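One chain, chain A, appears in both complexes that follow, with chain B as partner in the first and chain C in the second.
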Partner chain A sequence: MSQTPIIRVRNLRKLFPIRGGGLSSFLTKEELFVHAVDDVSFDINTDEVLGLVGESGCGKTTLGRLLIRLLEPTSGEVYYRDTNILSLSQSEMRELRPKMQIIFQDPYESLNPRMTVLDLVAEPLEVNDLIENDAEKEEKVAEILEQMRLTPPEEFMFRYPHELSGGQRQRIAVARALIIHPDFVVADEPVSMLDTSTRGEILNLMIELKALTRSYLFITHELAVARHFCDRIAIMYLGRIMEMGTSDEIVKNPSHPYTRALLEATPVPNPKSRKEKVNIKGEVISPINPPRRCRFYTRCLMAEEICSRLEPELVDIGGGHMVACHLNQG
Partner chain B sequence: MTISTRRKRFNRLIKRAKGFWGDYKQNKKGLFGLGLLFFFVLFALFGPMLSDNHPVMDWDVGGRRVPPAWFKYLPGFQYLVPNLDPIDDVGFGDSDELSAWDIETNFEDSFTVTHSTEGYERGSGPGSILISLDSEAIEPSAANIKISKTFSWDYSNPPKRFRTNLNFKAEGVEGTSLNIRLVLVDAKRVEYVLWQRDIISDTIWSYPEYKVDSYSIKVKMIFPDGVFADPAHIIFNGTGEYEFYFMASFDNIDTESTVTTHLYVDDLNIELRGTSYGLLGTDQWGRDVYSQLAHGAKTSLFVGLLTAFISVSIGLIVGLFAGFSGGLVDEVSMRFADMLLVIPFLPLLLILIAILGQSVLNIILVISLLGWMGFSRVVRSQVLSLKERTFIEAARAAGGSTIHITIKHILPNVMGLVYVSLATNVPAAITAEASLSFLGLGDPSIMSWGQMLHDIVYYSAIKELYWVIPPGLCIALLAVSFVMMGFSLDEILNPRLRRR
Partner chain C sequence: MNVLEASDLKVYYHTAKGVVRAVDGVDFIVEEGTSVGLAGESGCGKTTLGLSFLKLLPENGAIESGSLVFEGDDIYSLDEKTFRENIRWSQIAMIFQGAMNALNPVFKVEDQISEAIKLHSNKKKKERLQMARDLLKKVDIDPTMGRHYPHEFSGGMRQRAMIAMALACDPKLIIADEPTTALDVIVQKQLMDLLRRLKAEMNLSLIVISHDISVLAELCDYLNIMYAGRIVEWGEIEEIFENPRHHYTHGLISTFPTVEDEEKKSRFEFIPGAPPNLLDPPLGCRFHPRCPAATEICMQEPTPEMRRISEKHYVACHHPRGDLD
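Our next item is the complex of A and B:
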């Protein structure tokens, strides 16, 4: 965990313009933007799993897509090893694609319904010219399907996605991402659409198959899952990273009020335990042109005057544990 | 492993096809459409074989504008008579064909009638009859020779028309007066001289100066009613034995000379054209309506399928391109499509065909170049929605190029639309071609159903149902068959319409 980071993100920002209805766009000059990812910087080291945790709509998925340039950022830089991938042309980027893969959230949407499992799984190999003939293609696909516990592979190769269960589909999606042994995989809530039993299976498979890749960005909204799977965790709120540190540090020593609220919201599988502490108030504010102050200000029970004036920077409070809160910088 | 898996892949394909057929079988409309189409394809393939007549070039295969032969079984049509051809082969290709004719002369010894290999070049067959008169062996009075054919007319009603044919050449007639004539003798032995000529000098191959035909004014003038007479009606006035003959009379023969007179006769014939013909009757020029219908089926299917294929292909390519690239390409191509869409179709079609020329390829080209816009809009909208699907993003993340994504991911997902659109475009193309032909801008060398309807209107034959109904019905049925198939394909391939 000490070599050069595999991914470095610097001041990444993605704003989605909102177009008003026909007339209003003529009448008003003010431009509205959804600040999906707002000035985010972090590193992902080699052989590391970084968890990205946050609630719905906080920009996790957008950030994941920005990292492998499925979306063009508004500003900022993303380095893969030493290359700034945002400066690459389309064809140069395509050459780099096999190094970076993504597993999508919804296996019902991410597989082309008109392709067989064989073609789906082999697609990354084929478009990157990594195989020579059909025999090699079938061999490689069979191998990864076996690793995915889709046995016997011949049973599955010629099925269509609609002939598979949700868990099987997601395994196909994982197989697709891992078959070319990428350096870096963005796993965008890979288990959130699955039921609990399948979820465990897929997670365990992904842990087992870590050998096929180097690093993960693991996007999830469940801290428990992130803690189980990740080396480090970054907590995101409204497009900004609030806290980042090793999994144990985040769970055992949460320093941001939002992290604490998240931890307390994690359900405990014990019907007798009663949660009474509510240390959060209000609703998430709109991400459209948010005011220049702490994003969490309106919901924070501990907010002070400075929080309404200044946006806190992400500061190291020791041992790589970083927090963006005015109250925890002392 | 590869071989076995390839077989499995093939089996999957078969299974899918069977599944599709299973769905299609359930669909009554689809089966009806498919059956109709199957019928028309068979008709277009084998229909023309059932008739030797060329639909455009073969005039007067029957009486002009006569109903079908089977009409005589209908009440009120008992008077209909068929064609009669007393002579089978008129070419005199070999000496055997002479035996079809009776030859009589009043001076047996002087005439020799043989077969000659020389014949009228533009007639049928290479040979002719050669009549030689040896002047030394004859007395200087009249000598004549008659080549005749007797045939029986078994109908109490006359034929629509009769036609005769003759080509001849005379050599060595100097000093002799020679008269040749064509005569028709009715059942009561009344002779009608249809044509005659005195030949005073040698001739090259010649034929009568007017067509010796019951429609000819010169023939009509033989009769008291003149131009109002119908020779076929007057001559064929009852059942009985009729005779048609060619006669050559020689007079004032110069017995001093040693010249032998030669008279070549070729293509001698009489044809009776009945008042009914074939399966579907004849048109204004005596052409076979059945043959026109069968060849028209070929034209209509060809034009319909090719046009639909071209226009759907153009629509698909433009739609894919516009939808996937978006931005300026999208704007420009879609505005261009809109522009073409708002121009009235038929007037533009008429003008373009008038400028480009009336050929079937031009018609196909113009109809398909004006027929792609609607489909391209449909494809574009489908691509726009597909483009946002996650599996397209997944393909891009896998490293797929735009071309790869378009061909492997977008195209298979719009193919359902393509099949449906093909099926619905065919009848549009067929009716467009029919409209063009109907308005007189069709390809004159090729018969089509639209062309037939055009002829019907042009020659005011709207009331001739035997001629009007077949092309009209065929256009409607072929269009219906494709529309039915389009509907059923839409129901099968578009799951939202599927009834469960």
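Our next item is the complex of A and C:
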């Protein structure tokens, strides 16, 4: 892929300050921060689906929002093609917005209950002045509803969200993101609220309609979904990317002890392949001012002395397979 | 020996819009020392079925008819007082969905467990607290943590504390409703290992309710598949996964993505449509509007009954998969 990546992220960091804290923080005067995203760099290529996989609280949602500047980072850069989006003024950013969209997790919360499907789906067109009149609005909405298999579109256009099933609502949410043909879409757990039996339909539509967009950042806590939906997967733990590679590489040749633990823990719908104990200890440490060492140190069964004093960098161990682990650097 | 036997159980909710037939003629058995899975999509009635075994239904819900037998004794006709004193929690306990909200935030964890013991025994406070700490130890929580409040516990620890509370009166049967939902996979895995270990150590019988068939595949010996208020397939877990006869069961299993596949899939399987509204379920087989094999007969009453495939495998379908008709 010689094309410029759609998104380039360099040393991105987002710290959330913790205020208050009572007497002890007053006395020590130590400033406390949640290190939600801590020095993360990667590219998302044109026409690529990058999966961002991690447990709750690892910073994956924060990272997704930083990429489209719904949040301002503490430091670092985000490039959309050649533009550093963090250097843009508000009005410049507004012009760029149609190129970058987001699909939220919960279709019960993300759709305004007082708007009809027609208005909900057309909202991005109207906000960005992409339509002239009502006829055009209905035509464009009908077209995308049809692509989302909400047919016949006339039957859905004038309904309200409460008249739709969970799967139908999420298809509306996807239609809203894709109707303006963005280049890049952040999909934040788009199917995790849905029953497994209906998820496949949404995922298939997202793949089919990739022609309308270019690239996805697909945020999920489910490695099994990412394995099939994504071209590449990045594994995130406590604000850092621990491992990144093609989805085949990640599931077949996991190199970080954390990735391996995630894989071991992922249940398989097959009673014959019940797994042994997971190779991990303890619980996730606090993301507040984490010590400068491998974030996985306290849970790793293989940790050595160096892991306790040096934070490993993400390095290429061959063919674009990147690992941040002192024990896996060739 | 069966610990629990329900037959032709009907549980309805009376709402302003009409009668919701959440459980509509269900047979259910739990053999002693086994773990029985109950799978289905949201709204299929699986939680209602679980609650009905404990007679813990919401106010507008009631068991309309059927029978409920626990260790050979009829518990269906017991009055509330006798049921509460002799069955609920002391014989059949429950791990509720959403451990985050099921613990009382203003009481210490060990006091909450001790309270559960108090309801069913006349032990002294000191003795009860010691029992509570022993229970915490049993679920791999440092017993000194019992002095802490639920908000000081992680999600996984809270769920363990819920399990300790369910064990408080040494029950025979535990009903676990979505015991690992909303937990991260590693914590989920550890909890499944714990449940499996406790089941073996204490000779417990388990009913595990979940929408996640991969969790049931890990935990259960038998599996019931529920759809729109009815059990549509029952059998030994390996048999069900290897040879699902109901089209819905097959759909549920094949739509589940797995990390074990050799190849990346380019398309995902799904079951078209959505589950029916239980106020007005379709006539005949309730799955027929979504079923690839449905014919005329499936659209007519009566709803297909469970029929025997083998001793440990039953299915309720006019055209089961694998049949040549």
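We take it that the second predicted complex is superposed on the first by the 320 of 330 C-alpha atoms of A that agree within 3 Å, B and C clash if a C-alpha of one lies under 4 Å from a C-alpha of the other, contacts with A are read in each partner's own complex, and residues count from 1 in each chain.
Here is the rule we use: contacts are C-beta pairs under 8 Å (C-beta built on N, C-alpha and C of every residue); 3 or more make two chains touch, one makes a residue touch a chain.
Everything numeric in this text was worked out from a predicted model, so none of it was measured.
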Q. Superposed on chain A, are chain B and chain C clashing or fitting side by side?
A. fit
Q: In the three-chain superposition, say which chain, chain B or chain C, touches more residues of chain A.
A: C
Q.
Once chain A of both complexes is superposed, is A:I44 in touch with chain B (first), chain C (second), both, or neither?
A. neither
Q: Examine A:I241 and indicate which partner it touches, taking first as chain B and second as chain C; both and neither are also allowed.
A: neither
(Q) Under the stated touch criterion, which partner chain does A:L178 make contact with: chain B (first), chain C (second), both, or neither? (A) neither
Q. So, A:I102: does it touch chain B (first), chain C (second), both, or neither?
A. first
Q: In the overlay, answer first, second, both or neither for which of chain B and chain C A:L263 touches.
A: second
Q. A:R114 contacts which: chain B (first), chain C (second), both, neither?
A. first
Q: Could you say whether A:E154 touches chain B, chain C, both of them, or neither, answering first, second, both or neither?
A: first
Q: Quick one: minimum Cα-Cα distance, chain B versus chain C, in the superposed arrangement, integer Å.
A: 8
Q. In the complex of these two chains, what residues of chain A are touching chain C?
A. 55-56, 165-168, 195-201, 203-204, 207, 221-225, 227-229, 247-248, 251, 261-275, 277-278, 280, 283-284
Q | Touching residues on chain A, where the partner in the complex is chain B | A | 65, 68, 70, 94-95, 97-98, 100-102, 104, 106, 109-116, 123-124, 127-128, 134-135, 138-139, 154, 157-158, 173, 176
**Q.** Residues of chain B defined as touching chain A within the complex
**A.** 1-2, 5-6, 8-9, 12, 389-391, 393-401, 404, 408-409, 412-413
Q) Which chain C residues qualify as touching chain A in the complex? A) 41-42, 154, 156, 184-190, 192-193, 211-215, 217-218, 220, 237-238, 241, 251-253, 255-261, 264-272, 274
